[in-house]
Amino acid sequence: MHVGLTQVLILSALLFCIGLYGILVKRNLFAILMCIEIMLNAVNINFAAFNYFLPMPDLSGQVMMIFSITVAAAEVAVGLAIIFKIYHDFKTVNIDKINNMKG
Amino acid sequence: MNIYILYPEITVLLLTLLIVIMDLLLPVQETRRSLAYIAVMVLGCLFISLFYQYHFGISPYFYNKLFYFDNYAIFFKQLFLLAVIFTIMLSLDYADDLRYSGEYYAMLLFSLLGMMVLASANDFVTMFIGLELMTISFYILAAFKNNDENSSEAGIKYLIMGSVATAVTLYGISLIYGAGHSLDFNVLAAETRFFVPLMLTGIVLLIIGMFFKLSIMPFHMWSPDVYEGAPTPITGLLAMGSKAAAIAVFIRILFVAFLHTANYFLPVLAVFAAICMIGGNIAAIKQKNIKRMLAYSSIAQVGYILVGFCAASPQGIKSVLFYVFLYIVANIGAFAVLTVVDKQNKGTDDKAIAGLSKSAPLLAMVMTISLLSMAGIPPTVGFVGKLYLFLAVVEQGYIWLAFIGFIMSMISVYYYLRVVKVMYIGKANNDYINVSAAIKITVIISMLTTLLLGIWPQYLSVLTNFAAISFAL
Amino acid sequence: MQGGLLVILTDKLFYGINYLSGNEFISQLIMVIVQIMAIFAVISLAAIIQVYMERRICGFIQDRLGPNRVGPWGLLQTVADMIKLMGKEDIIPVKAQRILWGITPMLLFIPAALIYAVFPFDDGAVFVDLNVGIFFVMAVMSQSVLMFLLGGFASENKYSFMGAMRAVAQMLSSEIPMAFAVLAVVMVSGSLKMTDIVAAQSNMWFIAVEPLAFIIFTISILMEINRTPFDLVEGESEIIAGPFTEYSGMRWALFFLAEYANLLSAAILTVTLFLGGWHGPVLPGILWFLIKVFLVIFLFMWIRWTYPRTRIDQMMALSWKVLLPLALFNIAATGIGIYIYNWM
Amino acid sequence: MTDSLLSMILLAPIVAVVLLLFIPPTAKKSIKLIAAMATGISLLMTIYVYINYDNNLGGMQFMQSIPWISDLGVAYTVGVDGISLPMLFLTNIIGFAAVFSSWNINERPKEFFILLLILLTGVMGTFIAGDLFIFLLCYELVVIPIYIMVIIWGSTKRVSKEYAGMKLTIYLLIGSAFMLVGIVALYLQAFPAGMRTFSIAALSQAHLLGTLSQSFQIIVFLLLLIGFGTLLSMFPFHTWSPDGYAGAPTAVSMIHAGVLKKIGGYGLIRLGLLVLPAGAKFWAPIIIVLALGNVIYAAYVAIVQKDLKYVIGYSSVSHMGYVLLGFAALNTISLTGAIANMVAHGIMSALFFAMIGYVYEKTHKRSIDKLRGLAHQMPRIAVGFMLAGMSSVGLPGLIGFMPEYTIFLGLFKVYPFLAIIAVSGIVFTAIYILRVLQKILFGPRNYGFDAIPDAKGPEMVPLFVLGSVLILFGIFPQLLLGMINGTIAPLQSFLQALNNEPSLLVVWGGIW
Amino acid sequence: MTEFMKMLLLLVVAGVFPIMAMIMPLLIEPRQPNEEKNSQYECGVDTIGRNVPRYRISYFLYAIIFVVFDVETVFLFPWAVKFNVMGLFGLIEMFIFAGILAIGLAYAWKKGALVWK
């Protein structure tokens, strides 16, 4: 089996779609947060793959990946904190029940 | 490596750290106002010093042209400084009620830092960092009110939608990287192979992501909830700062990196602008909560701003800058008033602002003028801004867009005037609203700017012209 | 190529196989499999030896004999234990989430085995000399906490779950100081490659250059592998056996094996990073390596039977409030030191 | 001095606004005095300008121009000619009268007079602006104060004042949106980039340069027609007008009916005719048809109205039809008549609304059925009613006669048949005016009103001022017509040239 | 034979090895399950409902801090590798970075996030 750019891109696209699907389907906030992580990791795979397989003038793809990992971590940290607050206020982490504002 | 051009960012960063440290040193019960004063002072000095950085000739850049310090960036940096300074001023009273007011100011400054980076970003890495620094700070700020369900809800909704937008944007960027072999706008601009499917998909995803961030109409569903739930000063900053910053970088992306494809995406943008103007204004009509109404109205405002994009000319960009400025000024006024009302009457719906003209005539006046400026009624600066926008776009042949724009801005008067009506003839909740000096200063500055620039926009016009010619269109 | 005893041996073997098979690829494949087998042999054998050592040392420190019945000096005691474990019934608790519960011990073994790939046992004797070696080690090592969490969660047992949460807490606190301690080493050696790090110690061991980092590293690696005084995860007197409470028979043995594999890798890591790896006078590298590794294991056991178990808050406080600031300070000091050294 | 005279006329109310901002709301008398003084000063200066305007010279006089926004080519330009000076005069005299007719406002007077003065500034600015940008600025400035005044001080009768205010505002703003699009297109089309200007004088020359193609003119004129036509309450877009007047407070009704509507007519002549002659010519037949709708339909509706304000509201719609007729006939005589009729109608409708305001204020009644015999108790108000009514009917010797006569004269030359139909509108006018006057003023004494005092003191000022102008211009129409003619007459050749341009009728004829 | 393939092979073997180890005892182990034996290991009394205890919020506070710090190391490692090359610039960078980290730590400390409540 040959693992080339195409295969990696397909993998990342699949991951991305899985994440997106999860966000749309899952109702648990933690699960949604995880799905977002999956999406971001799909992107990381893309960057690394492009940087690895294609003749790039620099390592900007990998740099971008590192930053993207960091940002994802920060996002998760903030997300967790907000989910605590949600749980504190709503006593649930089901996103369907978190629906005070409408209109 | 001329590091001095980073001085605004470095100043803001040091200021933020200083505030974090001071916050740690202060005893818990003590008010954090001193931090706010320090921040306002330093940012004010920075704001003034940036006037001296406008320059002719080649723009200084930092590290391989990844970070530009051109007039355009300076203009936007000043805008963000303005927005944050006034946000701090109008949240002085508000922040006293918060449990972590020190962090509140620190997060404001972090978001400012993100915006400032965005204004200068000339490659996707820098842009991404700026964007996320700003957005993540906003996630926190949106959920900042303690024991407030709406605030938490706003925070989580913003987080989820914002993260998805980030992921989509990033995915787009990664495809662009794969097709264009670089993340640098300048290099991408030299790239001519735009019609590779990979590149096109990337551009489309990137634009969709940006539309999410800008809450352009079909991608706007998060914004009304977030605007309603977030603490009022933060709603203001969301409406002004985050949008302006996203616009700042969006212009660079479209008109530096993907200038070649302009002919293809401009009609699309025009359609989205029309959707925003129509949808935003019509949805705003039936809103009872003023923050929510302003959320929809801000969707419409972004529609107007997109109109300026469609012109794809220096005049277009100049009109966008002009409009963004006036939009920020108008929002400062409106949200300062809402902040006071929210604090006094515990809400921002019609009941809360009823009879404001009796209990606080100044606030009612400022609110009216700010709203009229958003609607584009003379003699407020909103009129001049709209005129610039539509002049620029009609010159490029989009007369239908101008037509929709003018009609919709007149329809928007309907719901703005509804607020005015409630303020002027509604029954007041309390006889007298005490308005603090900081708020008074804020609203008076906002009002005077709106009116004076509306009558005599010469200086701002020159400044925006100066900033807009940073682009080789 | 220059190489130690092990490398010479492998080269000889490779020539032999190549001669027999005649196909380079196949012989390479066979060589890799042989190497993998060797790694597993090392892990299994080391586990048996370590268990025996542990008991003897425990006995010695507690002033008693320890195992001395099975075989000469009780040497076969561990083997007997193995056989006993194999013969035990595999009890599956009814409430447990069966699949997750079942695969946990197997998954746990993967990270434990995987990090052996990058250890330089001798001059040139390294399975895969990754250019991000130490980073890889840290990344993979921290994966095992996931299995603890999984096992504890899937067991549907209070003790298991508490143990799992403790495991997470412990990993949270050990990882950062460890990473920062390693960082200082990386700064000095200028590479993430394990072989480079060892090579950089040919003149002077890093324990002399970075004593503070050594201490921080040792403490945090003890936390990482759940050794006493940080064996909160399976504190017998508190939560039965932590995540392993519901496991028995061979499954439990796998946990056990992974744990001792981790202990060995911790020792190897310490040796590689701070004690000069296989470097040493006169004797062949592999011997020096083994001596150092078993000395470090002895040190760990000594610590184990000397200190009482900490409370979780003590452990967290130690790592976040003592080790982390120290590690930060250490990085700064190293930075300045290197700068001054280069300047001179 | 004479250069900045117009600016000073404009500035006087603004200075007063700034002054008023610092006066405490409780000092009601001083507020009113300041407002009266400001409008009075403006009025006096306007009269000075009116007297010193050189009719023989014609054209723009008292010009002042200051560069304003360089990159748009905007200059602050003010100046008056024979078209705008009567309008300016009208504005000031009605503004002055409006201040006094609001003398009895005691609820939040500070805000009322501030808004009133802003309103007046906007209207004045519109008339004297020599630059399209300034024109727009002032044009839209007036809408919002009106809205606020209607919702706070207005009255709710048949429709609620909020509804009336909003309807008025939205109609006018949507109309102005059309107009803005037209102006933007005009601005961009008239001159090439770099030479663009908002100067009305320069734009008036643009059609000579040939940059404005015929089809362009036709389209833009349509947009302007919708915009200004809405303001002028042209037939299908007139419904805001009666409702708005009914809801508005007296002063606003006066200014709105008296002055504001005239901006529509003024704009049509100043921008529509002078800048886009081909467009004007093209749409003239349509305008005539719609204007007939105004004249006949509105008059007919006015007959059946019960509410006094609605009667006058529809009457003003009807009168605007004459103005449109005069405009659409496109000859010097009818144009002169149209402009003069705007002045005439302004004065009389302001007087009407002022009087209605007094009646309503004193009796709290506006219904024609409930009022009768007012002449017994309030002879002074009755005089005002009579003056305005007779003028409206077109009694010679009052202001209303000459303009209408001139319009018919001009129209008859072009469309004799339509002119005859239009003249029949006068009959309707006479019917509803006389009916109203007869019902409310005359007839048996209503003893219920005995305790109600007649207008006196400051309340007499509007009656006196407006009435005297009414008579003065009625007896000496040359004062007005001469000035207008001085500017319109030179357009003879310009209008003559239009005969060659196709009109809608011709195009239709071609299609058939 | 690339590094990647070798690693993959190791991974596969590491996955297979425990399975082998699990299969072996199947031959000799006794199989006599009963209800008592298969019940959860508790203190003699069956738990009603799910057997998962509530856990402390402190875990999450630590987790959040951990995530942040752990990711910082991602930046520090490349820097550390190239430290010798970068000279003074690297040193200053390091001080800025470590300084910000230290402030972060101090912040968490002072705010009581590092207290095991």
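The letters A, B, C, D and E name the chains in turn, as written, and every chain counts its residues from 1.
By definition in this document, a residue touches a chain if its C-beta (ideal position, glycine included) is under 8 Å from a C-beta of that chain, and two chains touch if they have at least 3 such contacts.
Here's who's who by UniProt: A = NADH-quinone oxidoreductase subunit K; B = NADH-quinone oxidoreductase subunit N; C = NADH-quinone oxidoreductase subunit H; D = NADH-quinone oxidoreductase subunit M; E = NADH-quinone oxidoreductase subunit A.
Quick caveat: nothing in here was measured; it's all calculated off a predicted structure.
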{"item": "Chain hops separating chain D from chain A, counting only touching neighbours", "value": "2"}
Leftover contact groups, counting everything except chain E: A, B, D | C
{"item": "Farthest chain relative to chain C (centres taken as mean CA coordinates)", "value": "D"}
{"item": "Most heavily contacting chain pair (counted by C-beta pairs in contact)", "value": "C-E"}
{"item": "Chain occupying the middle, per Cα centroid", "value": "B"}
{"item": "Inter-centroid spacing, chain C versus chain B (mean Cα positions, whole Å)", "value": "53"}
{"item": "Chain A and chain B: spacing of chain centres that average the CA atoms, whole Å", "value": "26"}
{"item": "Interchain centroid distance [CA atoms averaged], chain B/chain D, Å", "value": "42"}
{"item": "Overlap residues in chain A, where contacts from two or more other chains coincide", "value": "74, 81"}
{"item": "For chain C, residues contacting two or more additional chains", "value": "none"}
{"item": "Full enumeration of touching chain pairs", "value": "A-B, A-E, B-D, B-E, C-E"}
{"item": "List of chain C residues in touch with chain E within their complex", "value": "25, 28-29, 32-33, 36, 39-40, 85-96, 105-106, 109-110, 112-114, 117, 127-130, 135, 153, 155-159, 161-162, 165, 168-169, 172-173, 175-176, 179-180, 183, 186-187, 190-192, 240, 245-246, 249-251, 253-254, 312-313, 316-317, 320-321, 324-325, 328, 331-332, 335-336, 338-339, 342"}
{"item": "Chain B-touching residues of chain A, taken from the complex the two chains share", "value": "9, 12, 16, 19-20, 23, 29, 32, 36, 39-40, 42-43, 46-47, 49-50, 54-58, 60-61, 63-64, 67-68, 71, 74-75, 78-79, 81-83, 85-86, 88-90, 95, 98-101, 103"}
{"item": "Contact set on chain E toward chain A in their complex", "value": "57, 60, 63-64, 67-68, 70-72, 74-75, 78"}
{"item": "Contact set on chain A toward chain E in their complex", "value": "66, 69-70, 73-74, 76-77, 80-81, 84"}
{"item": "Contact footprint of chain D on chain B as seen in their complex", "value": "357, 361, 368, 372, 377-379, 383-384, 387-388, 390-391, 394-395, 399, 402-403, 406-407, 409-411, 413-414, 417, 420-421, 424-425, 454-458, 461-462, 465"}
